[in-house]
Amino acid sequence: MKKLINDPNDVVPESVEGFVLAHSDIIVGSDDPETLFVSRAGGAVSGKVGLVSGGGSGHEPLHGGFVGVGMLDAAVPGPVFTSPTPDPILAATKAADGGAGVLHIVKNYTGDVLNFETAAELADAEDIPVKAIVVNDDVAVEDSLYTAGRRGVGGTVLLEKIAGAAAERGDDLDAVLAVATKVNDNVRSMGVALTACTVPHAGKPSFDLPEGEIEIGIGIHGEPGRRRIKAAPADEITDLLLDPILEDLGLAGGDDVLLFVNGMGGTPSSELYIVYRHARARLEALGTNVTRSLVGNYITSLEMQGASITVLRLDDETTELWDAPVHTPALRWGL
Amino acid sequence: MKKLINDPNDVVPESVEGFVLAHSDIIVGSDDPETLFVSRAGGAVSGKVGLVSGGGSGHEPLHGGFVGVGMLDAAVPGPVFTSPTPDPILAATKAADGGAGVLHIVKNYTGDVLNFETAAELADAEDIPVKAIVVNDDVAVEDSLYTAGRRGVGGTVLLEKIAGAAAERGDDLDAVLAVATKVNDNVRSMGVALTACTVPHAGKPSFDLPEGEIEIGIGIHGEPGRRRIKAAPADEITDLLLDPILEDLGLAGGDDVLLFVNGMGGTPSSELYIVYRHARARLEALGTNVTRSLVGNYITSLEMQGASITVLRLDDETTELWDAPVHTPALRWGL
Amino acid sequence: MTTVGVDWALDWVRCSAAVVTEHREELIDLDRAIGDGDHGENMHRGYRILLEKLDGFEAATVGDVLKLVATTLMSKVGGAAGPLYGTAFLRGAKAADSADLDAAGVAAVLAAGVEGVVARGKAEVGDKTMVDAWHPAAAAAQEVADSGGSAGEALRAAADAARAGAESTEPLVARKGRASYLGERAIGHRDPGAQSSALLLEAAAAAAGA
Amino acid sequence: MTTVGVDWALDWVRCSAAVVTEHREELIDLDRAIGDGDHGENMHRGYRILLEKLDGFEAATVGDVLKLVATTLMSKVGGAAGPLYGTAFLRGAKAADSADLDAAGVAAVLAAGVEGVVARGKAEVGDKTMVDAWHPAAAAAQEVADSGGSAGEALRAAADAARAGAESTEPLVARKGRASYLGERAIGHRDPGAQSSALLLEAAAAAAGA
């Protein structure tokens, strides 16, 4: 294991401390390290729906990097790859509440769902109305009664941006939830790993992936994917990720889409653009208009090499909300 | 070698193609693939000094990611880790020339210096006044008559931003060069590698770095560093990078600085913030004011794991120019 | 022991902390294989803090101890296991509001625990989760109670059944939790949560000297 | 051969392309050790394109061929080697504006080439660069010319001296180019540019059948 860390126990608190210091113009850390979260420097925005997300650490910049004007109000980092407990989620929910209620943006993993559920109950007991959107965009996972359902992956980033803009323009809690639901319904993702990642506490790679083999349908927690295949050219891998997305999304010629190529943390951006190039050509060949794009490391798995592709079908409203100004550590425009 | 690429020969052109497509609102690629460069979508800005940089590929987002309003006018990507030849540099220089002359921003490597020199001679023959700033901020390299001199590394990013803002506000060629020189005189960097990177054409890591060892004083081309040491906690490594920087820069208590922690491409941002945290504490203990910060992958070495620290001594002018609006694929604010 | 009481409950916590520490890496490795590699660390973190809280803790009933376990795991473990174990111990605590438990009392605590896990996690036996350890354990304890056995015997039977239950997860495809994403590839691996449940129940028996 | 002419120059290019292709990986590995691992690929790219350009190329003098080599390497190789080799061949071409070269002519071309490299790169003998191959090669050719040898003999002597010169870089610390960043760690490694220079000069001798 090779990492720029001190004690594995201190990875999350030290990293968050540095993160808050580096971005102190827009975010603050919680006072109590026992209920660790980050939130907007100015505090809750009165009258605005608060947006709170969170989950295990190791996916940076998700979620802390998306706290700021036009996006989240607070983010709760758990231990690496481990959902945070209800206490800090509750504390973040309180910090994000401007009197108009709070939306929990939860990636669909059993741990995240259960801990956010409990926090929402506790918030309810303190008279803070909470609704939750459970993001489940990963087409690598069969969505059936016999699984935990699809995982939440790349679509989460797009949803946080778009729902954040809806809250910022003054939508009420139900309206923000409706926008979030629309995004979740229209977004699909799939990922590939070239190498495994190493959880600091485990000290060993999360799985063994020999030279010449790659994992298709990988998640963001270093879980093995659905299948292992021989290494292949980027264009072929791109097809393997894109085909299930296109099928599931049922894109029609003339649809506007946002194409998001995400790096898993250890892949150079030059490679992401090679994937983007072919994915874009495929989408355009279908008659789809790639009207918005995002390429980079936005939802990662520590130092894993690999990428995921996310396609979001846009309409006028979601396009406008995507374009709205945003000022967070990891996503910024118009401000 | 595990990479999301097709033919190693196509890595640079395909990546640049995807890059240009993803950012077509602000940049364009050159028409002729034989003289590959990227430049601002609107063409040269009349009356503004043009800024051109370039060098081997593999350091993305440098330099293409910094083309746009407030920063570069054109960037020339060579083959991976290989300086581009004079032809595309000349073509980019012409594309960047708005009638006020062009500044070449050259990292101090023999190849870059020689090829930019030739291009400048050719531009001169076409009556385009060209001046060059050779960036040499890497304190890992002894600066003496008996070496090729210090390398240009992280300081390049800061210099491109600040000189770009000077050009944007209307400074003439000599004035932009003066600002660039001031930045170069006040910036120092040093890097560490935890793993080597693999040049696609070579197919093998650029050096062997066993588990438990790291390279101190690494460059950005996968060159081995000055010395190899046992892996150590992040805070110790941070000290090893920071000490020579502080010594060489001769910082005084009360100085304002920009602290830049850069990822080499394969390091999670959470680790960069751990480095940032300790570097910042060290600087503050010295009585230095860290008034600006930058943390992320801005000048990389393919998929190398590692980081570099850059410290820039700021004054009112460079602070103001740093804060000025910028709109490029990789750095954006105020627009 | 015919009955088990507060001292047993406190010992259970201490024995649990010991086995969880001892098996931390094993649980990490099981979770690396079909999950995300944190289960051992999560349980270890929870029980380490729980041990600290035990210092000077005053309990009148077994339920008081189990409630401390519940709230600590709930607020310190995180992931899927934290809320599930938290709920299990919370329900178990409610079923154990007396100073001493006989075999029927033990069986009632375990049954309440399973119900809690199922209520939160919606898993059934055979879904390759901790339910596959808890469910047979509760049933085995009930059998001992029905046939007039002691609390210690009930705990021993529960521990044995839990171990068998954990083993029984190996050939299964998972239908809940993170391993469910793997489909057929989960076959051949033991579920980490079932394994930690078996360890905790073994600690319960050991604490009773059974 | 007493003199070498345009055919020799064309053959030199072809032989160079062959050895550069054959030794591509060796040059990459030398550059990986003390540089950035691209030298073999850079030279290979340049000579591949040069071969294509040779198709149908009409040359009246050795200089015409060397000029094509110069401009192609200059505009296709990049890195440090591109402009340095480009300048060497450009200066060499100027010194070779006749149809045939005798030993003195060969020596003059090589001397002009070294001067070009030194003018651009400012390296001296012993700095662990391609100069360490070119400089003794030019001197050896001059000696053959002085003692009345043939062009072929001059090329053979140059090739031998270049090989020895490349070998002589192994124990050195580098003072120019990328290897200079390594300090003492460059010791024990042959300079890639010196090695490619030796290969090119060996090709020159081979093309003359020497």
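Going by the order they are written in, the chains are A, B, C and D; count residues from 1 in each one.
The rule we apply is simple: contacts are C-beta pairs under 8 Å (C-beta built on N, C-alpha and C of every residue); 3 or more make two chains touch, one makes a residue touch a chain.
Remember, it's a predicted structure, so these values are computed and weren't measured experimentally.
The minimal number of chain-to-chain contact steps leading from subunit A to subunit D is 2. Computed centre separation for the pair subunit A/subunit C is 32 angstrom, with centres defined by C-alpha atoms. Between subunit A and subunit B, the centres computed from C-alpha atoms are 29 Å apart.
Separation between the centroids of subunit C and subunit D, computed from CA atoms only, is 75 Å. Counting partner chains per residue, subunit D shows two or more touched chains at no residue at all.
Here, these are the chain pairs in contact: A-B, A-C, B-D. For subunit B in complex with subunit D, the touching residues are 56, 78-87, 109-111, 114-115, 117-118, 140-142, 146-148, 151, 199, 201-202, 204, 206-207, 219, 221-224, 226-227. Residue ranges on subunit A touching subunit B, taken from their complex, read 1-7, 11-12, 14-19, 21-23, 57-58, 60-61, 65, 192, 194-195, 211, 214, 231, 233-235, 237, 265-278, 280, 293, 295, 297, 300, 302-303, 305-307, 332-335. Every residue of subunit C that touches subunit A in the complex is listed here, in rising order: 28-29, 32-38, 41-42, 45, 74-84, 120-121, 175-178, 180-183, 185.
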